[in-house]
Amino acid sequence: MNIKNNNNRSATIIVHSGDFDKLMSAFIIGNGFLSMGIPVSLFFTFWGLKALTKRGFKKAPLSKMNLLGLGKAMIRLKMRRHNVASLEKLAQSFKSLGGEIIACTMTMELMGIKEKDLRADLVKSYGTVGKYCYITKDADITLFI
Amino acid sequence: MNIKNNNNRSATIIVHSGDFDKLMSAFIIGNGFLSMGIPVSLFFTFWGLKALTKRGFKKAPLSKMNLLGLGKAMIRLKMRRHNVASLEKLAQSFKSLGGEIIACTMTMELMGIKEKDLRADLVKSYGTVGKYCYITKDADITLFI
Amino acid sequence: MNIKNNNNRSATIIVHSGDFDKLMSAFIIGNGFLSMGIPVSLFFTFWGLKALTKRGFKKAPLSKMNLLGLGKAMIRLKMRRHNVASLEKLAQSFKSLGGEIIACTMTMELMGIKEKDLRADLVKSYGTVGKYCYITKDADITLFI
């Protein structure tokens, strides 16, 4: 676990939500810190973990679908037009920048998700809340998304 | 207020959401830190505070009820089968491990919740945002759920 | 950027949600820390940024509109009766206490929001996630709302 860097700063983010826009936020923030040399661990639980199953990104809903007249297709279109990376690319960047993705094993049991259901290219390790607390104990930047 | 431990680490969590799964997360995370000797204060506001009224846990909805084919009854069933503690037990553990539950007095006024409506076995103290800020001022781990 | 105070404590809050009650929480918490001399930066993204457009506060929905029998009109009524400041007043206080409001430029591109659409009386600066990470790097209190 490379949670300490030269500044002794690190970030851990619980990704509880499986909403498309919140997943985007999680990876964008994660990539931002990684780019500054700050180690980041994303701990995926509940609906967030569901998004790490195969085709999970594609099925992720917007958190406010119809309220603001801005659907998912529209966001994807604008992302392409404005050269904003897709959720898939954001996740790949996160991995290649050295970010750690942890799958919550309690959620796996609750939701009947098996290791083979999860994307092996993204998930690095598995753990209970104890693992989250252990790495967060020394973290400075802590978010719940 | 026993907010400082030997490591000088502490955690404060604002519980704004009253969703069943987010309440579970709040208590699971809280219990995790308490188990490591890190003091935890949960500050309940808005829908979160509503969940601390009598029978509030039973009425708490899932944050994504129908989207993923996993209803509350199903989660409860799986929790029993996989030996995951119920929300009630998680809250009791939190108390017995020494966790502090604070009720937001502004929310009580806004929502017309009286002290007698809240569960006296869980709520330890009452306070405004000033109290939250005071204990969070020196906290290292800060979450908003 | 006046992110450091005499205690070397500071807070940064990502406001991703545009829900009326979560916007209230963001400003109430922000004002609480500012009142204690702790600098606060609010970084508005996605639906949160939408709320900073003209008349955005008025259009903000409750996060749980109908579930708990407590509508927005009811909350406003109770806020007046109990002398709780309106969202507008909370935001004005935040500004006058020296709080910083940053608009996420990526969200502006994604959602087609122009500078002229945003409330110039509230927004102080514009930035990408890089700006958020830069000021959060040294922050102690970090929340995602």
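Letters A, B and C mark the chains as written, and numbering starts fresh at 1 in each.
The rule is simple: a residue touches a chain if its C-beta (ideal position, glycine included) is under 8 Å from a C-beta of that chain, and two chains touch if they have at least 3 such contacts.
Computed from a prediction, not measured in an experiment: that's the story for all the values here.
To the nearest 5 degrees, please report the angle of the rotation taking chain A's Cα atoms onto chain B.
Rotation angle, to the nearest 5: 120 degrees.
Between chain B and chain C, two touching copies, which fits better, same or different residues at the interface, with half of the numbers shared as the threshold?
On the two sides of the chain C and chain B interface, the residue numbers are mostly different, under half being shared.
CA centre of chain B versus CA centre of chain C: separation in Å?
Chain centroid spacing, chain B to chain C, equals 23 Å.
List, in ascending order, every residue of chain B touching at least 2 other chains.
Touching at least two other chains: 140, 142-144.
Residue numbers of chain C touching chain B in their complex, please.
7, 9, 13, 21-22, 25, 28-29, 31-33, 35-36, 38, 63-64, 67-68, 70, 75, 78-79, 82, 84, 140-145
Using the touch definition up top, name the residues of chain B that touch chain C in the complex.
14, 16-18, 45-47, 50, 61, 106, 109-112, 129-130, 132-134, 136-137, 139-140, 142-144
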